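One chain, chain A, appears in both complexes that follow, with chain B as partner in the first and chain C in the second.
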Partner chain A sequence: MKVICDRGALVSSLGLVGGVIASRTPKPVLTCVKLTASAEEGLVLEGTDTEVSVRLTTPRVEVAQGGDALIPADKLQQIVRESVDATLTLSTEQDVARIVGKDSKFKVFGHPPTDFPAVTTFTGEADFTIAAGELHRMVAQTLFATARENSRYAINGVLIERTGNKLVVVATDGHRLALARGLCNTDSKETRSAIVPTKALNLLLKLFDDAEETVHVRVEDNQILFKTDQAVLGANLVEGNFPPYGDVIPKDGDKKATVATDALVSATRRAGLLTNEESKGVRMAFTADGLTLSSRAPEMGEAEIAVDLVSYEGDAVDIGFNPAYVLDALKVVDQSEVELELKGSNKPGVIRSGPSFLYVVMPVSLQ
Partner chain B sequence: MPIARLDAHLVNQIAAGEVVERPASVVKELIENCIDAGATRIEVVIEEGGAKLIRLADDGCGIPEAELPLALTAHATSKLATAQDLAAIDTLGFRGEALASIASVSRMKLMSRTHVAEGGAVVEQNGDERTDVRPVAMAPGTVIEVKDLFWNVPARRRFLRSAAAEYGQIADTVNRAAMANPDVGYTLSHNGRKALNLPPGQSRRERCVAVLGKDLDDALLEFSFEGRAGDGTGGDEAPAEPPRVWGVAGEPSVARATSKFLHVYINGRPVKDRSLNHAVKEAYRGLMAGDRHPVAAVFIQMDPRLVDVNVHPTKAEVRFREPRMMHGLVRSPLRERLLESDITPSVVPAAATGVAGAGSGVGGAPGVGGGIGGGGARDFVSAFETMEPNQKGFVYEEVKRAMAADDLFVRESTAASAADLAAPLDQADQAAAATHTAGASGVTGVRVLQVHDSYVIAEDVDGVLIIDQHALHERVMFEAIEQRILGDGADLESQRMLMPLVIDADAARVALLDDAGPLLGRLGIEAAAMGPSAIGVHAFPSLLLSRGVEPAGFIDGLLGRIEEGDLSGSADALESESALHRVLDMMSCKAAVKAGDRLSDAELAALLKTRDEVERSGSCPHGRPTTVRISLRELEKLFHR
Partner chain C sequence: MEQPRTIFHLDMDAFFASIAVLDDPSLAGKAVLIGGTGPRGVVSTASYEARQYGCRSAMPMAQALRQCPHALCVDVPGARIRELSQAVFAVLDTFSPLVQPLSVDEAFLDMTGTQRLMGEPRVVAQRLKDAVRDTTGLVASVGVAPNKFLAKLASDLEKPDGLTVITPDNLDATLTPLPVGKIWGVGPKAQAVLSRHGIQTIGELKAMGQAQLTEHFGDRGTQLFALARGIDDRPVVPDRTAKSIGHEQTFGENLTRAQDVRAVLLEQTERVGERLRRQGRTARGITVKIRFGDFQTVTRSCTLDRPSHTTDELWAAARGLFDRWAASGFRSVRLIGISAGPLASEGDGHAQAPLFPDPQHERRRALDAAVDRIAQRFGPRTVHRAGPADPSG
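Our next item is the complex of A and B:
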């Protein structure tokens, strides 16, 4: 195998594939990136941690001779990043890779390419297709709300549920729940769902950053595959049952406030300054006259911030929230105003931004 | 068999079964008689663990010749005359049973002489045979010899344990009695060897130290408390005398594995009372590991009307009219005393003591007066500092002379030796100066080092501190949470769950929730039964969540402990406070940094800062020490300085 690559393009491709490759694992081949060169596809990089895999075509490559190689990813990445040339020549002979620049020659020992575990390829029809920008938005609006290392494994992942062409993405950690809605293209009318590990979706956000692209999505056996023209992302699904999210979204919130997103972000940040570990809650007092945020940390001090409401209907209500939970949601809101729906001080609160984003957050007890 | 009235001797033997269990109980009864007789010296002689001979001699008031035979008769006593007396007993004995009971199961010889009598009298009893009273020559007082205990009750005799074991019990009995009466002198000998010699007229503390062990002297904290007049009186009786408590308590570092070293006295009477023992242990709560027992002697002086000693034949148990008040009376002053003292244990490495011994042998110049050889160099130096100049000169000459005698001074140059003598002086001066500038306690400076991601090493004015990061942080968290719950009276902030977290539980655990609900509520946990075999958690403390504590595991563990009876969720105030404490233990343990967590410099500094701020920072909530100190002196010893 021998290819001449544009160094900049190779750096960013290796960066993306490197995101899935483990740096420490007892199986050395899993620390490697697989390179496959052919006249038809150019240079293809593959990496996997056996749970999540990426297959990416590198642009701006000239293939002089086809072939494949398995090379330690971090070394290749460092060499390419530190080199100074505009183009690099990458050639392999048996299990040894040579990277040659104008003034440099590297020889890196690799492994036989046949040792690399087979990465599932995208074969067959897509279940649905969706604009990359839309998929990107829905994942970004939910991914942050997943649990970390929770013993209920299902909520460590993100639920992607499709009913006909309606797509819903849901994540929760047991204290708050984020839900994004969108549309996709499909002929199927059935309801299908899958729980996708967060690592795959983090990679998805980086991989599919061209909003105009079309992403093909297919679920088969215990895997989900996302494909664009350049890349294929595959992941083993998280096993288990996602909690019935429909049941926890309250529908009886009779106190509705509309508030400017920026103002609420700023006020919540400031009120959050005077909280501590044992006393995290920020009190939000809603009245027809406006919203008052207050916080108190024992032996530290107190804060009080007034926020104008665009509109308010219903009785006054006091409720305490962990400010971090509120801010997480407000950060991913893409509209200038949000709606809050409340019922009572120990009942869940709902933040809405248009029809496509909904966030349920559980209160903390108020003193 | 027809019903017949038992003869008097048989009645006494039956009574002896209750009172005279073993030689130690004989000694106890007889010592009580000596004390009640106003003795100032009591001599106890034991042979073969008391099975062969128990002989007590005192210099008390004695028994008039005419009353001697009566003294050996059951229910005959000089300590009690009316039923009113029984309600307010101020003597140790009162039942009038002891002598008769003992006499019925041994060969007893009773000799006595009052201070006004010309001579003594003696009477002997051998089972149910009693001799006439005969005159005998003796000093004023009473001597009782009990020989061949249980000679006529073979079953009992067989149950006696080895002489050594029985003697051990006797020695405990004498020690217990001796602590209660420091102004009485005691001697105890076994098989002709003197085992104990306590001079009369000791102070309370001196006596306690003499009995508990001289090595504990430095570790014994004194505490005292005087109740208000009228505390605990009920009804329209004359106001009760205010109760007084005095005692010594060992620092947690000298705690023992058994409760044998915990002594409680009511009006001079050693008692075993679960509630008072509990009060002492409660005072140590959080300062000492749960399986350790304090070394302590607690003396309570109280109105005899408020305590009933007529509960148990050997009077080891008592009943209080107000048990709750008694509990507080002991716990509060002791706990205050423990909290106000610096109980950071010092480390004396085993090897160091040997080295130190050798060191003082060289430096201390054998043959010089006790001031040098006995007290150690540092003591000598500080004593030297306080001397008048002419005294210093004298001492210097004395040292020189002594060293010359040992051929030390002449071998080395005078200048070098003088420098040697001056060096420790300088050190002492510097140390003293440091103490003045840096204040009495507290960690100095910010030089800290984390080792093995588990321990923090810092210095204070006395030496080097080694801190267990988990134990200290656990204490800090504990105090913070406790302050919030008990101090501010607020419940712990809890984060509600989006959907209840379901924990599998059997029916018994589900049932526990009814009782434990209020306790859990204060801690910010809301849990309810979900069907017969599951528990739903609806809210959990945000503090624990942010520390990554899994609610399921935590609540499972908590219920497990309630189930085992380790902590009770009941509403009883006393119980629930200690239950709360135990749950806080669990919480702070889970929430604290673990051994193995690497801490940043800022975190280390913050942790050490809290050490000074937090009460009881010397031990973690389980009572393990958070900090040990190696004093400069110990370091100097290690380096042969």
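Our next item is the complex of A and C:
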């Protein structure tokens, strides 16, 4: 195999593939990136941790001779990143890779390419297609809300649920829940759902570089596959049940406030300054005259911040929230105003941004 | 009649400086000063090598450097100090439920009544020192005595790496020749007053009558009268703000089957749950510690969905951590332990309710309450969970 690569493009491709490759694993081949060069596809990079795999075509490559190689990913990445040339020549002979620049020659010992586990390829029809920008929005609006570990429910992943061409993406950590809605393209009328591990979606967000590009999505057996123009990402689904999220979305919030997103972000940040591990709640007092945020940290001090409301309906209500949970949601809102729907101080609150984003958060008790 | 007490005082030797050496072995045997190097910097710890030049804790750094110009100034990160302090206290917790921290590197342990279970106090104290050294790589001095005053005095007598036992038999011989300044609360001022009466040693102090002492020192006089005789009945008060509650067990013979280790872990989890409930605390997280035959140790931690003291919830977390480790390659186990923490108080303000209520939660709480009541009446572990099913019988 012999290829001449644009160094900048190779750095970013190796960075993306490196996102799945484990640096410490009992199987040395899993620390490697597989390179495959052919006249048809150019240079293809593959990496896997056996749960998530990615296959990526590197742009701006000239293939002098086809072939494949299996090379320790972090070493190759370091060499390419530290090199100074605009282009690098990468060639292999047996299991040894040579990376040659104007003033440098590296020889790196690899492994036989046949030792590498087969990385999933996208074959067959897509279940649905969707614009990269839209899928990016829905994943970014929910991914942060996942739990780090499973509890009774499989919540260390994101639920992607499709009914016909309606897509719902949901994530929760058991205390708050983020939900994004959108539309996709499909002929299918059926309802399908899959829980996708967070690691795969974090990587997926990085693979998109053009909002208009079409993403093909397919669920088969216990896997989900995403295909863009340059890449295929495959991931084993999270096993288990997602909690009945529809049941916990309150529908009876009779106190409705509309507030400027930026103003609420700023006020919540400031009130959050005077909270600590023991008292991490910020009190939000809603009245027709406006919203007052207050907080108190024992032995430190207190804060009070007034926020104008664009509108308010219903009786006054006091409710406590973990400021971090509120800010998490406000960060992913893409509109200048948000709506808050409340029922009572011990009932979950809802933050809405238009019809496509909804966030449910449990209050903290204020004593 | 009240049972004679056995109190340990453990004091880490040059704690901060020793951490610096631990993290950078090239500092070993050198004069090391820990503390700020700015114009108002103060020495927080001096290594024993630096102490030979008169460098002391709380001395201005500039002065220390004049006395010992070749000393190396090192900064030890607070996180590292906390980490090792927690490791030391985790060891102490395995020796006694009554641990009173005095600072990050110093504590009293009430070991009264443990002799039959654990052995001679001197042997246990040596084991404590060894355990601290094995776990942290750091050296502690331990004093053993019938009360806190004497235990603290004892830990200082043979520092560093000291182990001093004061018993009623050697009490007088130990105390009499010591300068009065060794008595807790006798600072330079009191020493000056005593010195005017020709009193330099504790033995000489003992010769003073109680009335005479009260005349000079007021209420403190009564205390000095008692302390000079080695009498101090202050109890060891465990700090209510303990950072974690844990249990661990080293096996005489390594356990080679995962289910055997799991059964021990379950028993430890039940004990931790019971202690949490008794103290009205909840745990935000669980840490499982596993040491192999070759002394390599791994710890695995997770955060609980919400602070809990429910045995089943603690066990679900502990078992999950253990099983994930076991699945990734079980090796024979020399030590298994569980620690619950950081801790919160039950009914702490700002508790957050779960979004998806667990119908089993109330039933688990009721089960714990029933088991605790039975344990209170009939003794610990009268009823307990059957171990995980053992397929090999």
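By definition in this document, the second predicted complex is superposed on the first by the 363 of 367 C-alpha atoms of A that agree within 3 Å, B and C clash if a C-alpha of one lies under 4 Å from a C-alpha of the other, contacts with A are read in each partner's own complex, and residues count from 1 in each chain.
Assume a residue touches a chain if its C-beta (ideal position, glycine included) is under 8 Å from a C-beta of that chain, and two chains touch if they have at least 3 such contacts.
Everything numeric here is computed off the predicted structure, so don't read it as measured data.
Applying the stated clash criterion after superposition on chain A shows that chain B and chain C collide. Residue contacts after overlaying the shared chain place A:114 against neither chain B nor chain C. Of the two partner chains, chain C is the only one touched by A:153; chain B is not.
In the superposition on chain A, contact is made by A:26 with chain C only, not with chain B. Contacts of A:94 after superposition: neither chain B nor chain C is touched. In the superposition on chain A, A:364 contacts both chain B and chain C.
Looking at the shared chain after the overlay, A:322 reaches both chain B and chain C.
Of the two partner chains placed around the shared chain by superposition, chain B and chain C are both touched by A:248. Put simply, of the chain B stretches 39-47, 309-317, 363-371 or 507-515, the part that bumps into chain C is 507-515. Residues 149, 151, 172, 174-177, 243, 248, 277-281, 322, 346, 348, 360, 362-365, 367 of chain A lie at the contact with chain B in one complex and at the contact with chain C in the other. Per the touch definition, chain A reaches chain C in the complex via residues 26, 147-149, 151-153, 172, 174-177, 243-244, 248, 277-281, 320, 322, 346, 348, 360, 362-367. The touching residues of chain B, counted against chain A in their complex, run 480-481, 483-484, 488, 490-499, 501, 524, 539, 542-543, 545-546, 548, 550, 552-553. Within the complex formed with chain A, the residues of chain C that make contact are 302-303, 305-306, 320, 329, 342, 344, 348-356, 358. Only residues 149-151, 172, 174-177, 243, 247-248, 277-281, 298, 322, 346, 348, 360, 362-365, 367 of chain A touch chain B when the two sit together in their complex.
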